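In what follows, a structure is listed as C-alpha cells, so that the remarks can point back to it.
As written, the chains take the letters A, B and C, and residue 1 is the first residue of each chain.
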Amino acid sequence: MGFLDIKQATKSYGAVQVLHETDISIEEGEFLVLVGPSGCGKSTLLNMIAGLEDITSGEIAIRDRSMNGVKPADRNIAMVFQSYALYPNMTVSGNISFGMEMHGIEKSEREKRIAQVSDLLQIKHLLDRKPGQLSGGQRQRVAMGRALVREPDVFLFDEPLSNLDAKLRVDMRTEIKKLHQKLGTTIVYVTHDQIEALTLSTRIAVMFGGYVQQLGTPKEIYDNPANMFVAGFMGSPSMNLFPAKVVSENGQPAAEVSLADGTKASIPFATDKLASDVGRDIILGIRPEAITDRDGADRNSQAVHIVDAPVEVTEPAGSDTFVVSQIGGKDVTGRFRADVAVNAGETFPFAFNMEKAVAFDPQSENRIA
Amino acid sequence: MSISEAANPRGSVVDRLRDALPKIVLSPTVAIVAIFVYGFILFTLYLSFTDSRILPTFGWVGWKNYENLFRIRAWDTAVTNLVIFGVLYIVICCALGLLLAILLDQRIRAEGFIRTVYLYPMALSFIVTGVAWKWFLDPGIGVEAVVRGWGWTTFEFNWIKDSDMAIYTIVIAAVWQTSGFVMAMFLAGLRGIDSEMMKAAQIDGASTFALYRRIVIPQLRPAFMSAFVVLAHMAIKSYDLVIALTGGGPGTATELPATFMYSYTFTRNQMGIGAASAVIMLMTIAAIIVPYLWSELREKK
Amino acid sequence: MASANAKSSFNLARFVLYTLLAVFCIYYLLPLYVMVVNSLKPLSEITAGGMMALPQEWTFAPWLSAWSSAQVGVEATGLRPYFLNSIIMVVPAVALSTMVGALNGYVLTKWTFPGATILFGLLLFGCFIPFQMVLIPMARMLGLMGLAGSVPGLIFVHFVYGIGFSTLYFRNYYAAFPTELVRAAQIDGAGFFRIFWRILLPSSGPIAVVCIIWQFTNIWNDFLFGASFSDFDSQPMTVALNNLVQSSTGVKEYNVHFAGAIMAALPTLFVYIVAGRYFVRGLMAGSVKG
C-alpha cells in the first residue's frame, strides 16, 4: 500500500471510455507527473483524484482510505489550476484564506498561516490586491499559496505553467522543484510538456489514448522507453526511430541500415540480446545525443561505431549543431559539437553510441531490446 | 458503490440531499413552467374543443370551434391583416434597420448620440407609442390639420380613419418603435466582421457599394435570422399597439389575431372560439421559434 | 487636381450621409417632440391646428390634470394611483424573477445534468408563446389562488413569465464564467449555495443590471396581463393611460393625454438614458441566444 493508490481506475462517458484500467501507486513525498498529449486522459485522472469527476470503476485511495464518493473538500487535497482559478472578487489574502474559512479554521490561525505562506512565496506585498491587478507569475504564486496553506496530503497541479511565457515558465519550474524539496510534499502534476515532466518528477506516468504507456523514474523513461510512443514523446529533439534489420556480424548481432546513397551499413549492438533475432526487421531507436561527431562521442562507452553517411542538412543551434542524414528513409538527427566543420552534401563520419540504442518491434511498437 | 458507502458511513440522507440540491433549486422553476406554460397550453388546447362560452365548460364539440372560426369574417380580416402587417413590418424594419446600421458604421461623429435617438422608442410602451401616433395621425388635429394650416388646404391624410388604409398606420407606428432595435442588431453584426477582410476587399478594388453587397451583407445572415425571428414573433403577438392606436377599428379594419382572441374570449363570451384562435397563434409562432431554438441550442452542444 | 476632385466628392458623400442621419433623427424624435410640446399648451392651441408649433402660452396644467384629476375610466383620480400600482407591481416582480433566474442559470451551467439543455429549451420556448394562450387558465388560477384582480396577482403573473428571460441571461453569462473557479471553491470546501453566494454572485453585477433593466421595461410596459387580470383599483399605468385616452365621454383633452403618455414613458426612458449601454445589451441578449 502506497500513500496514493490508484487501483484499476477507469472513466467512461456513456459508451466512450476515456481512461482504461489504470494502476499507479506512489509513496509519501513523491512527485508524480502525468504527461501526454491533449486528450490522453491525464486531466481526467487528475480530476478523479481530486473528486471533481466520478470514478466509473476501480478505486482511488489516499493514506489507505478509499476516496470513492468522498467530496473534494473532504479529501484533504489542494489543487492549482491551469487558469489559476483565483476568485476575482476577493483579495489575495481572501483567496488564500477562503479554503481555511470553509474548513472552519479560526481567524488567528488563518492569519498566521497566510503570513507563513506569503513569506515562503514572497507575495507579502500583494496580499491586499485583487487578482486582476497581478501579473501572470504573481497569480501563479498566489494559486500555489492557496494550495500550500491548506497543508494537504496531496497537491494536485493541472498544467500550472502553461499560461506563462517561456522565461517565466523555466523560473517557476525551478521554484516548484525547490518547494517540493523543501517541504517534501506529495504532488501529482499534469503537463503536456515532457521537459517539465523530466525535470520535476520523481516518477512519470506517460499517458496516451487513455492508457498509461509507462510508469517509471525520469531516467528509466528517458533511457528505456517502453514503446515507440514513449520514445517519440519524451525528449527534445525526440529520439530517432528508423527501420533496421538484425544481422550477424562476427557472431555478434548488428543493425543493418540503408543510407541515402543506396549503400548499406551495419552497426553492431552493444549487447547480444538480439542474437536469436537475426533476420528480424526492427525499429532502431537512438537519441540525437548518442549520434555525434567522432571526437564528441562518449569516451566511457564501449560501443561507439562510426558510419560514414551523407549529410542532408545542418542546423547550427549555438552550443551544438544538429546534423541530419537519411537512414532507412527517415531523417536521423545527430548532435555534433558546434565547431565541427560539416556541410550539407558531403559524406561525414557519424559516431553511434550503441550503448544507448534501443530496438522496437515494428508491429507491436513495444521495446524488445 | 459499496466501497464508497463503507468508507463514508455518513453517506446518508444528508449527503444524498446535498447531491440533489441543484435539482431541488431548479424544481420550482420546472414546476412553474410545467404548470403555467405547458399545463396552460394543454388547458387552452382542450378548451378549444369544448363549448365554453363565458366560463370554461367541458362539453366536447370536436373541431367545431375551428370550423366556426374560419367562417367568421372578423377572423378572416384578422389573418389578412396579420399577413399585410407582418410582411410590411418585417421587411421595412429589416431594410430600414440595415440602412441605418450601415450609415452609422461609416465612422461618423456623435455616433453614440444618434444611436440613442434611433433606439429610444424601443424603451417605450406600445401604449405610449399608440397614443402618440394616434393623435399625430388624427386628421382633426394631426398631420392633415397642420399641413392644411400651412396653406395646403386640400391636403389629405386620413388613413387612420380609412378602413382600407388603417392597417398601414399600425405598420408606421410599429416600424417607428422597432426599427432602431433592428438597427442595433445589424450594427452589432457589422462590428463583428473582421476588419482585415474589409481591408482586403478594398485592396481588391471593391467599391463601397460592392463591399457591402458582396462581402458584408452576406455575412449578416445570423443577424437577419435573429431579426426575423424576433420581428415575426412580435408581429403575431401584437396587441397593445392596435388597442392604443385604433382599438381594432374603424369597425374591424385593424383587427389582428391577438385582438380577435381577446374580444371573442372576454367581451363576446365565445371562449371556445377564442381558445381556438389562440391555438392557431401558438402554432404559427411555434413554426418559427422551434426550429430556431433547436438550431441555436444544438449548435452549442 | 485629381486629389482635389476626390476630396470634393468625398465631402459630398459625407454631406449626404449626415443629411440622411439627421433626417432619421427627426423621424424618430418627432413623436416625442409632439408629445412634449402639446403637453405644455392649452387644448385650444391643439384643436386650432397648432400641433407642430411651440406653445404660444406655456402651461403646466395638463400635467397636473393627468397626474391627479383627469377622468380615468369612471373615476377622476388622475394617473397617480396607477403609477403607484405599477411601481408596487414592478419592484417585487423584477426582484423575484431576477433572483430565481440567477439561481437557475447557475444550476444550468455549473451543475448540469442529462437533459439540462432540453429543459432550458422548454423554458425558453415559454418566453415566446403568445400569452393569449395562457389568459383563460391564468384567470381561473388567479381566482383559485385568491389573487384575481389584485396587484399581487399581477406580480405573480409577471414573475412566472419573467423567469424564462432572466434564466436565459444568467445562463449565457455563467456559461462564460470559468468552471475552474467553481472547482477550486469545491476543493476549498464551499458547498452549492456558498459557491453561488461568494464566488459567482459578486461577479454578476453586469448581467444583473442587464436582466433588471430588461425585466423592468418589459413589466412596466406590459398591457395584456394588466388589462386581463386587474380591477379598477389595481390597474397598472399602461392600462390606465389607455383608459384615459379611450374614454369617450366629454371633450378629448389631447394635451392631458400627451402628458399622461409621457408619464407612462418616463421611468423606462429614464432607465434607457441612464443605462443605455446595458439596455442595448439586454435587447441583444434577449433576441440573439448567445
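A few notes on this one:
By definition in this document, contacts are C-beta pairs under 8 Å (C-beta built on N, C-alpha and C of every residue); 3 or more make two chains touch, one makes a residue touch a chain.
Given the structure is predicted, the values throughout are model-derived calculations rather than measurements.
Distances between chain centres, each the mean of the C-alpha atoms, put A farthest from chain B. Comparing chain pairs B-C and A-C by the number of C-beta pairs in contact, the larger count belongs to B-C.
Once the centre of each chain is set as its mean CA position, chain A and chain C turn out to be 58 Å apart. The distance from the centre of chain B to the centre of chain C, with each centre set as the mean of the Cα atoms, comes to 15 Å. The set of chain B residues touching two or more other chains is empty. Chain B meets chain C in the complex at residues 18, 21-23, 25-26, 28-30, 32-33, 36-41, 43-44, 47, 56, 100, 103-104, 106, 108, 114, 116-136, 140-142, 145-146, 148-149, 176, 180-181, 184-185, 188, 222-223, 226-227, 229-230, 233, 236-237, 239-240, 243-244, 247, 258, 261-262, 265-266, 271, 274-275, 277-279, 281-282, 285-286, 289-290, 293-294, 296-297, 300-301.
Across the complex, chain A is touched by residues 178, 180-181, 183-190, 194, 198-199, 202-203 of chain C.
Taken in their complex, chain A has these residues touching chain C: 50-52, 71-74, 77-79, 81-83, 85-89, 98-99, 102-103, 146, 150. Residues 17-18, 20-21, 24-25, 27-32, 34-35, 38, 46-52, 100, 103-104, 107-108, 111, 113, 117, 119-126, 128-138, 140-141, 160-161, 163-164, 167, 191-193, 217, 220-221, 223-224, 227-228, 238, 241-242, 245-246, 254, 257-258, 260-262, 264-265, 268-269, 271-273, 276, 279-280, 283-284, 287-289 of chain C are the ones touching chain B in the complex.
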